[in-house]
């Protein structure tokens, strides 16, 4: 650990203490340019792809919708509208499973007038290139930017899916001095952000500047892990000559992309437990979110597509430009289909990704990739008793003691677990990764957190009664 | 420590011993008595009495940290005299007597589960690698198709301190003879399927489903799930259908027999009866009573 | 791509606890055959590194091979007799315990093997068979299984076994022999048979330090390093033990915190005493090489289960072991104190863990 | 007070509420002087004597007890009888009294006696209290002797100084040491728990 | 003189630890060792009472009983002094320091019957210590007790996570842990 600090100092790279070094496995897709995905026969667009209230549908069955048309209105301030990425006929209102394990209402659309390959390619090129004529940053008011983001249904596209306009709307007592674009992409296997930074650097910068304008921040930082050399290079060129912007090179380490690790590493600011980046004057945006913000403001383009990586046990791994609502099975089909030894399909990367019980689940705004693990890669469950080796403690990037908390949760002693700071856990999975006893530590911690929240809700309900 | 024998005969022993002893005893007795008066800390004597009346299981069913804490809360008026669910009516009466409150007889509430699908009736189960507990599996998408129904790992069984629960084909079965209505199982279920309902009858009708999805989706994931068709509600106002799910208003609930026509309309089989030896689908109950009456009708002439 | 996924191909599933995995493995087979795949669902993370409990235990066993070789060279057949007896009785005890408690067998994790070898290495070479068996039973039964088995014991099982023997048979446990002289009587059956018929009794280097010791002819440091001195079976050779220790450190099975804390504090303690009164106390390097100091620091105190969780706690724990050992060696009536100090610190480990648990990054959750 | 009640009061102390094995009170003598059977027996008898006498006296004066002074009064009565017992031991069994050392006066603070005074003697009549004292005292003596037998047998090959095990049996010195006392008691309590749970299942 | 006092202290605290050597105070050792904070409270309460009682009884023994030649009353007077002191201290603390009472005073009534206190007083007279030695001895003994019970509480908190056989849960496993700790303590035999 000390050696790592020294190396970081010498190479001027940013690093946070603890954490793990899984094999990044990015070589399969990091050289694959983004390609557009053909429309599927039917898309299912969930109406709750974000944290907050579900959106309410604005379309009726059998209605025709155009590409980019709004199909659901936000259900509140902490919510986001939903738009269609394809044109077609609305099917019956239905529900569909989303990665959290819940069923949410959804709109299914049968695609019509499917575009040709050239049209798709043209659309992608438009997506990757800056708008021709843009209003200078100074002419845009923060309110306009936030409103555009809100109307476009912009949410955090790194996976957290928190509505972006809420994030950018700063309360009266808070000040933001820095915007950090999180391009670290620490999850193994995923390369979508890497490709976006290589292929659309100017859009990333434009999004960053817009976010700075919206929040009044004076400094912009683009944080990239050092295993993405080309992305670092292209971003450096994009910020050249802009004194208030910089590219911060981070050491490759999991979970560099977590806000609680990224900010100490890049800015040396520690987010207080239970707090947000806001509390230390920072807003963190994902690369894809930044690009979408630029599109939302400059073109008025809603979030209807996203770039994601399809990798692992598929025949043609790559990075794809996918309309939201496309079923995973279609995406995998377009990536050459599954290899024979595929055993597990993940939405997201292998560390924090979620297993998919069936492949009809649609791609949502927060889907950064689809990873298919082969039979030999599936983690074995040869669990033994905890031998108190302390590796989870040593590697926890939040300095928790996962084994203690997990034991307390196992015993059903939530108060004890809370006294060990159960609620501070960010579920990054470092503890489970290193555990020689193969304890499903993260799962215990997650269920403990869920139980505590349940208990609190019950207590609140009882007190109001 | 050894005594010299000659000392025993000494004068100081005969006189000094008793004097010292009596003096010391008196001093302490007086001191303590004064202290008793001067340093008295008032405590309601009823707290001790209430605590003595409680079962002392410290089960926490009342929501307080053990019996002593509950006793204090009762005396302070923060907890109801009937708050001890594990002790039952007898204790409630005893506490009420101590507190000088008139005791109102309450209907016994018992836990029931709003899921009636045995393991083989649930569809879309996937091979699940992970901790074999409901609370853990609930956080993983797609352990089974139904996102509302019982997961069947038995967290509720593990939470019961009285051995009143066991798993039967993936569903918990309640043994009301052992159940103390402490409500631990209600808290244990991560999906909130278990509810305490008032048992005005020996056997109660329960909607054995919690799925609020449209009928099409319910059919996809379950063989017996409530479709929200509203057939029952059309027949009887005891039933309500809201968000694709039927519910029963127990204030209006009368007898099983009175709901017969409504229950027989149910196309799904999600209505079940609790309170008999085990959970029985309501249709079987009616079929049985019918055959019983038929059998009786047939046997009667022979007997007479 | 496969390199970062834990998967021991040659691994046999022996115990019942992994039966579930067996089934899952079968399901996986079916998946490959079936056209409609049954996707596995599980909580994240879906990758893990290569270390397993069994691997950690096997690492310790491998690290002890050089010491075993030296033990055979120095003490002859006794080395094999003690190790074999300990192995058989430890494994049998653990097996029986699991049988009685109706728990799945746990021999597959190799922890009982490690306990057996460490116990054997800490016994005097001529200890009679019945005592060896009794010590092994005490180690596994009282030291480990009665606390619930692997990972749940408070004290190091091997040290519990040895402490039991030490208090039960103080005379037998302090009867030492000189190394076997292979040149003279390698052909003689007595030496091969091993029982203390012909064995020459000789005080250990540490016993010689105690007042009233008959022959105060302290061995030179070179002898201590190679290990041809009298003493417990596996503790004599510094070089063999260090060889294994380097392996353990390189494999990251142990970390440097406990050994450094223990050896460092012992050297400083002995050094201060030596500088204060060089006539009364001996050179600190002698204390480092003599007795079970190295063995204890790298193999016993570093026992993962009975040491504190946090690294800071481990450092404190190591320092405690070192200081207590030197207190016993220099002021106590016993010549050696490694076992007592480690047991004592095992008892303190839960408290150390409790008070050295790190605050989360960003401070405690505000109530 | 019926006869069967008295019998149950008596047997209660012997097994179901055995002070040192079940109630886990009066542990100091249970651990300290059970290294030989003779010590254990003497200690058990002495404790029984004090227990019976104090139970009787406290029961007789129970109506006069003041709540805040009662502990003091118990102490006074118990200490008196302990002094008597101590001097009796010194007079008749001098070596034994030497080997028991300060553990005889420590009977004063043996929780068994105070517990019985509080639970039984202060609430019930003299006959019941007497029988209770006898039962609990015998139960205490029994458990002490049981431990004494185990510890002396393994620790010095003998019972009541009469050698049982052959010379080839190496005595386990640990059994007569403090750690042996803790260990034996721990294992015996585990065994008693097991026996009691089996009995409960059968019942 | 100082080294002599240090020796008295270390003997009382570690070598002849009240719990692991003399078995004094086993009842609270088993009863109040479930949680570390409770154990510490009990330990310090015992230390406090033991020091006060040790000094008081020394004074009574040497100033009253010996001159009047009525040593046979020592048990009665000692226990009366201890019981009275404890009860007074308890009432006082309860009245004037309710917070302190919550964390430490609740153990005071149990201390009356803690044999460690009476044992310490008896040992002081048996070893024929002078007043200062008596004070140091009782302080050392009390701290030794506090240390033992706190260590045991740490172990028992850890054992909460363990799958101890049903019949050995609670006191049995505590006693077995104490046995192993007693073995460890036996290593600290220090000749003067």
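Per-chain residue numbering starts at 1, and chain names A, B, C, D and E are given in the order in which the chains are listed.
Quick note on the criterion: a contact is a pair of C-beta atoms (placed from the backbone, for glycine too) under 8 Å apart; a residue touches a chain by one contact, two chains touch by 3 or more.
Treat the numbers as computed from the prediction; the structure is a model and nothing was measured.
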| item | value |
| --- | --- |
| Fewest hops from chain B to chain E - one hop per pair of touching chains | 1 |
| Set of chains adjacent to chain A and to chain E | B, C |
| Chain D reached from chain A - shortest hop count over touching chains | 2 |
| Selected interface, C-E versus B-D, where C-beta contact pairs are more numerous | C-E |
| Greatest separation from chain B - chain, by CA centre | C |
| Of all other chains, the one whose Cα centre sits farthest from chain D | A |
| Interchain centroid distance [CA atoms averaged], chain A/chain C, Å | 47 |
| Separation of mean Cα positions, chain D and chain C [Å, integer] | 42 |
| Rounded Å distance between chain D and chain E, as computed from the means of their C-alpha atoms | 21 |
| Overlap residues in chain A, where contacts from two or more other chains coincide | 354-358, 378-379, 381, 440, 443, 446 |
| Multi-chain contact sites of chain D, meaning residues that touch two or more partners | 68, 72, 76, 87, 174, 177, 179-180, 183 |
| Shared interface positions of chain C, touching two or more other chains | 20, 24, 28, 39-43, 142, 149, 152, 164, 167 |
| Contacting chain pairs - touch in the sense defined above | A-B, A-C, A-E, B-C, B-D, B-E, C-D, C-E, D-E |
| Of all residues in chain A, those that touch chain C in their complex | 20, 22-23, 25, 28, 188, 260, 264, 270-275, 312, 338, 340-346, 350-359, 373-391, 393-394, 397-401, 403-404, 418, 420-421, 423-424, 427, 429, 432-438, 440, 442-443, 446 |
| Footprint of chain C on chain D - complex, ascending | 170, 172-175, 177, 179-180, 183 |
| Residues of chain C defined as touching chain B within the complex | 20, 24, 27-28, 38-43 |
| Contacting residues of chain E [partner chain D, same complex] | 20-27, 30-31, 72-73, 75-76, 79-80, 83-84, 87, 112-115, 117-119, 122-123, 126, 165-168, 171-176, 178-180, 182-183, 186 |
| Residues of chain A that touch chain E when the two form their complex | 407, 411 |
